[in-house]
Structures are given as C-alpha cells and as structure tokens.
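In the part that follows, the structures are each spelled out as structure tokens.
In the two assemblies presented below, chain A is common to both, partnered first by chain B and then by chain C.
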Partner chain A sequence: MNHRFRVPARVLATLTLIVVLVSIPVAGQAPSTASRTNGTAAKPYTPSRTPDGQPDLQGFWTNSTYTPLERPKDVTKEYYTPEEAAAAIKLVAERENEQTEPGTTADVHYDFSQFGLDRSQSTFTQSLRTSLIVDPPEGRIPSMTAEGEKRVADRAAARKALGGQYDSVQNMPIGSRCIVMAGAGPPMMNAGYNANYQIVQAAGYVMILTEMIHDVRIIPLDGRPQPPPGVRQWTGVSRGRWEGQTLVVETTNFNGKNPFRGASENMRVTERFTRTAEDTILYKFTIDDPSTWAKPWSAEMPMARTQGPIFEFACHETNYGIANILAGARADEKRAAEAAAKTGSK
Partner chain B sequence: MRTKLALVVAGIGVLLASAPVWAHHAFAAEFDVNKPLKLRGTLLKWEMVNPHSWFHLDVKDQDGKVVTWLIEGGSPNQLIRMGVTKNTVPIGTELVIEGYHAKDGTNKAVGRNFVLADGKRLFLGGSAPGGGGDKK
Partner chain C sequence: MRNRLVTLTTVTVIAAAGVLLTTTAGTAQAPAYRAPRAADGKPNLNGIWQALNTANWDIEAHAAGPSVVRELGASAAVPAGLGVVEGGEIPYRPEALAKKKENYTNRLKLDPEIKCYLPGVPRSTYMPFPFQIIQSQQHIMMVHEFAGAVRTIYMENHVEAPADSWMGWSNGRWEGETLVVDTKGFNDLSWFDRAGNHHSEALHVIERFTARSPETLMYEVTIEDPKVFTRPWKMSMPLYRRVERNAQIMEFRCVEFVEDLIYGHLRKQPSK
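Showing the complex of A and B:
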C-alpha cells in the first residue's frame, strides 16, 4: 500500500486556511471570535427570551475542540497566544489527517478524512486555553484519594475476574457496546466526531439531544428534588435552575457503570450554560466527588453554534464490529491452540 | 516567538501521546494487522448507517467467481451534512479497497483507503483529493 505518511496537498491547503480563519470569522464553517475565551471580560450579551421567559439557549451546538481536558505536562501557562493556539491546532489537525504506517495497528482503521470525520472538516470551537480544566490552576485532574485509587483497582480486578475483554460482549467497552458515549456525559465531553447537540426549551424544561449516540437529557426546572438514592441511571438524574442568565444543572444518581475519570457513583456534576454571544454558549462544569478527589475540580469550554439538523445515530444498527471482534478472538485462540499443539507434538 | 512555538510543539507532542483514539471499537481486534489486502470490485450496496457504514463489494476471485465482501468504513452523519447521499456512489461503481482482512477469515475487511478506478481517492470528506468539501 502506497500511503506511507502521505499528507495530501489539499489537506495542507485546508489546514493553512484553518489557521487563517482563526482570526477571520466565516459563517457556517469557522467559529467566530466570540467562540474563543481568553480570560478577558467578554462584551455583555443579553440573549433573547423564550416565550416562557427563559434566556434562549435553543439551537444546534457543537463542543468539538482541539483543546485537551488536561494541560500537556510540558506546558506551564494557562493561555496560548493566538499564534501559539493556531500552531497547536494546525499540528494536531495535521496529525489527525496523516496517514499511518502500514502494518501497524494504528493503520487498521478507516481514514477519518475520507468520511469527513476529522475535526477540521466541521465546525469546532476555539479557545486560547491550554486545557479545558481551569481549577486546579495546573489544568490537570487532581490526585486521587486512597479510596479512589482502591476503587479503580477493585474495578480492574472485577473486570479481570470476568475474563478477557473479548471473552464476552459484557466485557467489552461501554461505548463499543453502544450504551453511552462521552458526548452525553454529564459532563458533556467532546465525542471526537458528530460532536453535536440540540437544545430545546419548553415551559419548565430544557432538553438536550446528544447526537453521539442519540441520548436525550430532559431537565426539569421546577425545583423538584432528586429521586431517592436507589434510582440510578447511566447519565444520572439532572435538575436545573436559572441563576440570572445562566442555566445551572445539578446531576447525581449515576449508576457507576461508566465512571467518569474513575469517579464513584456518588459524583455530583454541576454544569453552567451561559449564552455569551449569538453563536456561543460558555459551558462550565464542576466535578464533586470527595471519595475520589479531595477537592472539586472544574473545566470550561465554549460551545459553538452549528448547522442542524441532528442526524440519527442508531448505534446498534450495523454494529457488526462486536460479533466480528468476538469471532476474531476465537480465531486467534484457535490458531494459538493449534500452534501450541504443534509445538507440543514435536 | 520561536521559543514559544517550540513550547507549543512540545506540549502537543505530549497531547498526542495521550490523546484518545476516536475509534468506536478496537479495529485491530476485528481485523488482522498481518493480513493487508487490496480488493478490486464493484459496489453492490452501501449500508450508510451507524456506528460504521459498510460497503458491499462484488469481487471476482482467481477463478472468475464473484464473491461479495463487506468493507467497514466510517459513520455517515458528517457526510450527510456535507450533502453526500447513497446516490453519490452509484451501485456498480468500481472501487479498489486497501485495507485489512477480518481476523475470523470471512470475507470482511476494513477499508483503510477507498480508491476509484481512475486512482483518485473516493470523496467523501472535503480534505480528501477529489472531495466535495463542506457544503454548508
């Protein structure tokens, strides 16, 4: 195969354009300057109101980003300069489009760019921040408590006791099984591709539709209490309220089967959605789980307006990969057994 | 400036080393890295659905017998946003697939590269040569 580290000229041209676009808003493709947060006070923006008087967050949004959750270890500052941020995006985008070395496991995949799934081919948000995490100021997830580390080890041991990852469907990753992915959260993390959301507001409710993988959060705003501790869900149970222009959503009652960064099922996520511009929502979240981290930690990112509609992501429909992986594991085992028998008979 | 950019580059190096792979599942567990293949055939059907689309390809074997292969590709949602439809790649289109064979030995493969008969890489995203671009 003749595709060794080839970066098509058109890709490079596109990337060069992206860097230019960092400072030139273009409708529909590049996020506007308002999508970037740089720590300075933004111009006051007053969103329009929904018929029942809520600040209007409705529409189609994306949280696709090149900014990592945690600050790279050799970066020591909170913000890049615009030039540095552009260089960082360019570098990662190039790597994302770069063809992999044939014969390596990384090459055993389809090419994201052929399907328009690399981030540079759709709207993505931009920020001068070097990490999404803003607290602690080091931009990294704090050290775990001893209890948290023990829980992570216990979970790993429990998984091991069930057998290998490809011994049964139940042992395979939650996302591969099409149960839930990172985009739904909460906290709502960049899903990698199709990182799109639709927000709809009705009297007393906010609904968030997540494209990956068609999850819906219906958030009541009427001050009702959380359900009893026995009620537990993959994406927890959310309750919302307005604090001025900001929608505050508190989520608890997670089922603990898809722990966010090793958290316990008692994690509390507080999200804050503020419309800071016509085309931007500032999304902040705080993770509070004292049995895992001694102090809460927080992150923030812009969500950029994007074009709808949200397309269905019926994740089970052609998830032939599950059966193929299990069949592949059985074939590997058979080959290994035959090789062992051959060696033993010599 | 040069120092600053060097710092960025160094930081990105770490970022890439720890960056999550966006794969929905472990493709290297499904397909055999030691069995690269190249198939030439005609498109019989495109399952343009999620989590990954599958291209059904009629391939003539060495004896001239037609065998149908299933080729795994990417999620179609972004393509739909870009204006790509099932009709963008008509049934009967000749395709060359460079990829890797399924571990279980059945007629399935991952399409590392989809190439048209004239040697151009198939669309689909805007950054691929011959691609239609983001039509938004």
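Showing the complex of A and C:
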C-alpha cells in the first residue's frame, strides 16, 4: 500500500517525498517497501469539506511510528534508503520483542507480542526520515540555553529531594499515575501502543480524542484570546485557526508539571494538521521556548488513517500497577529491615 | 369592511387554536420549539451545557443535610432538592434498596466520585460540571469536564457494546427534534449520585435530548435494570447553556487530587 502525499509547496518549496503507510495484518506480512520518487508532478490533494465548510480531518488516525524524534547519533543523513529504513524498523521491532523472552522481568509485565501491543501488529506510519525533527537540519533537539540547563538541574534536584521513585505515588512517572501521557501532547507524541486518535469537527471546533487515558482536546476556532497567564493546565490551552487547508493550533498556558523535553511552562507549541491524502494527515509541530532553546525547533510526522472504534481507556480506575509497585517497595523495605535486625542481633 | 376584518381575524384565531389543540392532543410532547439546524440539517445541539440542580447529591427528593466530612462544615453540606425522578421514588427491588442504604452509610469510602473514577451515565450529565456536545453526522461527542470523561455517540453503524465500560456504549438516532441515545455495556461500578443510588451491569439507559429554547435543552432519561429495579423509571431535567463569553471545558484532572487518599497508606514512612 503506497500512498503519495505532497508536502505543501509553500512550506517546503522543493522537497516532496512519498511516505509509505504500512499496515501489517495480524498474519504478519512483510511491510511493503518504501520508495521515494519525485512527486512534483502529483496534484496536491484537496480534502473534502465538512458540512460547515472546514477541510475534513475527521476519522480515526494513528501516529504510531518507528521513526525516533531525534536522529540516531551514528546516522548522518536526513533520509534512509528504503532498505535502510526497513532494517532500522526490524532492529527496533526485535528489541521490543526481546521483553517477551520467557522468565524475564519484562515478560511478566506486558507480553507485547502476545497481546498485539507492539507497533508492528497494528497500523503504523513510516517515512524515510531518519528523525521526526526536521529543523534544525541535524535532526536533533538544539542544545539548551544556560537557563534551560539550570532549570533541568533544579528540577532533578527537587525530584531527588522527594526521595526514591517508589517512595510515594507523587514520585512515580506522570503517565504511570494516569494523569497525562505523551500522546495527548501538545505536541502529540507517538505512544508505544494505542497511538490512536479520533477527530470530530463541529462548527467552530475541532475535537481530538487521544485513546490513552481518554484525553480530549477541544480546539476553538473563533479567534478567542488565551486565558490570563495565571490559568495553567497540564496540556495547556489551545486555540486554532484554518490557514487554507491547514489547521493551525497554538498552545500556551502550560503548568510546567510535565515539561516536554525540559521546556519551561512558557513553551508555545504551534501545530499544523494538513490532510495530504485520503488516508494521511501530515502533522507538524514547532516548539518555541526561548528561555530553554535559543531558536524554535520543529518536527513532522504522518498520521495514518486507522480503523475505529476507540475503546474507553479507564487508566486510573484500574491502576492496580501503581498500588502493587508501591506495596512491593514497602514489602522490600520491611524484608531488608528484618534482615538487618537479624544480622544485628547475631 | 371593519366587521369583515374582525370576523376574518376571529376565524383565523380559532382555526389556529384548533390546529394548536390538535397538535398538542396528537403528540403528548409536541415540540414547542424548533432548534436551529446544524449544517447537515439536524437540530443543532452543539454547545457547552450544565445541569443546575442537586441531582448529583441525590436524584430523589431530599432536604438539606450536613457534609459527610465534618471538617468541611457548610461548604460541603448537601443542598436540598425536589428530586428529578418521575413519580418521586426509585422502584428498587428489596435487596437492591438495602444495598442503596448501605452505600449511603458508607458513601465516604464507596462513592466513585470521591476517587475521581469515571462517573458513568447518566450521572456524567448532571454533575456540577459543564460538558460540551460536539456534533457531527457520524459521531456526537459528549466531553465532560469531570475527570475528562468522554462519550462517543455512534449515529451510524450501530453495534452491540463490544465490551463493558464505565461510560457505556452509546448508539444514537434522531427522532425529529430529539437526539435519542441508547446506551448499554456498562460495568456495575458507577453510581447515580452521592446518595448511593446504584445499578448493575445490566443497566440500559435511554436518553432524550431536546432543545426547548436557544439556551436550554430538555434531558429525559429512562433507566432499565431488571436486576436492581422492579420496572423501568424516568428522570428529567433541563440543561442550561453556558453562555459566558469564551466558555470552555477546562481541565479537571482529578487523579492528582485523590492520590494521597488512594495510595497514601503505601507511602514510605520516614525511618525512625
């Protein structure tokens, strides 16, 4: 299944490429080979319109991918050959399957391949890009400002002062606590599994449902202002507008409790959603946070049409994992204390 | 000339009244109001809505009462309400009524709302938080501020609930002015209110959303659950549009607020 899309000429004047969306049935066929052609002759795709006249982004989508945010250190080019891309996927897929080795600790947690959670068993997107980051051209997050580095160090020190990761629920990762996960964003990053979204549009609004933790973004399109700076949220506050065929969403007012790659709470995320084919949305984002990075940096990835429905992801309601992890840590401490007492009494 | 005009007017008025009477008699709930249309021609229910009653405290009629947490005093006391249950009382089976009373007694420990669990249906609709309807032809989304609860109403391709869930599986259809939502596939873990009114996994909820003015909807719910109730019963209430400028659904990620309550006993104790 090869699907051609064209990068809007206005954004990147010359670069066009083909993105291959690979959907592997459960039977596990080999992914079709990626290819790159000169697509300048291809007609730009014009999405159909919703009844109220918006370009139609509706449906079920996934941004599942094997492409890393940052270019691997040993890779120097922007695009793989199709063979190299296939090899890179194979390498990661094999690594993911390693944890299903019987008897390993990871195997007890999630048997990824058995339950179809690993990326290769459902629709995933693939491009020849070696990184999602397109700017700077090195494909890596630019180095931090001194202020940014200090903030990262201060945050690490503050975390350390709270004790070990398993000392209390507040010390555990925010995703494990079912508060918010990376897929919700913004920017909407690629979840390791269930990287699925549903987009519904009504007059004046675009709604994006993220499968993980049933996170919903409701993006108003009426040009309303951002709330005052005192109103801060985990996922910020988003405002959208249409620029031609592209939905542009600006988000600010983050609360800084789930910093994206070390950003400050004053980060501004600009996202661009463009339907580039019947079954593809090109998703681009730019991170602007001058106190952390001297210049904005940008990434892009395709979202592939996938099958619905999206099921309820009641994460917190059955978060037995977090209770068991904490209980396990307390049991370990008790055992260690008893062992120490025994040694001491000898 | 004048007489004739008067006669004509009188006739017109009588005729109009007759039509009105016939219509009213013909359908018990004749829509008194025709909602503006969405671009697809269906009644436009888009907007941010909220109940303005005390159903979340107790869907049955109740007097004001003290807070379940003494320290919160009047700030968390129960406001009185005349109830939203048609006919006044919920037709519980005897053993289910006993469970309701037990729930009420132990509500501080058992009410799923306290733990920030998904509120279920119809409770999500009348919690004291707004929800937004985002209406497309295929899917109508109901996005609730409380716990970020969300419902997808499937307007096409109706199927049976593929799995049990907190918010159920909703199939919707238009009946004239009314959005009818048929929801099944619930678990038995949500409550109807803070008073411990409950249901089983056999719960079947049929909701009817009808615009009654530009700023209000009528919300009618039929509850069926033969394991818990002796017969189907109904609730009804208006829902009000949040008309303030730039109204929006805000984050209420309450998990963070209940972690110490739920996991506090598993915190590492400082070594002595």
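To be clear about the criterion, the second predicted complex is superposed on the first by the 291 of 346 C-alpha atoms of A that agree within 3 Å, B and C clash if a C-alpha of one lies under 4 Å from a C-alpha of the other, contacts with A are read in each partner's own complex, and residues count from 1 in each chain.
Assume a residue touches a chain if its C-beta (ideal position, glycine included) is under 8 Å from a C-beta of that chain, and two chains touch if they have at least 3 such contacts.
Small disclaimer: the values here were computed from a predicted structure and weren't measured.
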item: Comparing the two partners chain B and chain C, which touches a greater set of residues in chain A; value: B
item: First (chain B), second (chain C), both or neither touched by A:Ile322; value: both
item: Partner chain in contact with A:Ile208 - chain B first, chain C second, else both or neither; value: neither
item: Contacts of A:Thr81 with chain B and chain C, given as first, second, both or neither; value: first
item: Partner chain(s) touched by A:Val216 [first = chain B, second = chain C, both, neither]; value: second
item: Touching partner for A:Leu57 - first (chain B), second (chain C), both, neither; value: neither
item: Partner chain(s) touched by A:Gly163 [first = chain B, second = chain C, both, neither]; value: second
item: Partner chain(s) touched by A:Phe311 [first = chain B, second = chain C, both, neither]; value: both
item: First (chain B), second (chain C), both or neither touched by A:Thr235; value: second
item: Touching partner for A:Val269 - first (chain B), second (chain C), both, neither; value: neither
item: Residues of chain A contacting chain B in one complex and chain C in the other; value: 166, 178, 213, 311-312, 314, 317, 322, 327, 329-330
item: Residues of chain B that touch chain A when the two form their complex; value: 1, 4-5, 7-16, 19-20, 22-33, 36, 38, 47, 49-54, 70, 72-82, 84, 98-100, 102-106, 108, 110-114, 121-129, 131, 134, 136
item: Residue numbers on chain A that touch chain B, as the complex places them; value: 1, 3, 8-11, 14, 28-29, 68, 71-75, 80-81, 83-84, 87-88, 91-92, 95, 97, 102-105, 107-118, 120-122, 130, 166, 172-173, 175-176, 178, 192-194, 211, 213, 307, 311-315, 317-322, 324-325, 327-332
item: Chain C contact footprint on chain A (complex, rising order); value: 50-53, 58, 163-164, 166-170, 177-180, 198, 200-205, 207, 209, 213-216, 218, 220, 224-225, 227, 231, 233-235, 309-312, 314, 316-317, 322-323, 326-327, 329-330, 333
item: Chain A-facing residues of chain C, complex; value: 38-40, 44, 46, 116-118, 132, 134-139, 141, 143, 147-150, 152, 154, 162-163, 165-167, 189, 246, 248-251, 253, 255-256, 259-260, 262-263, 266-268
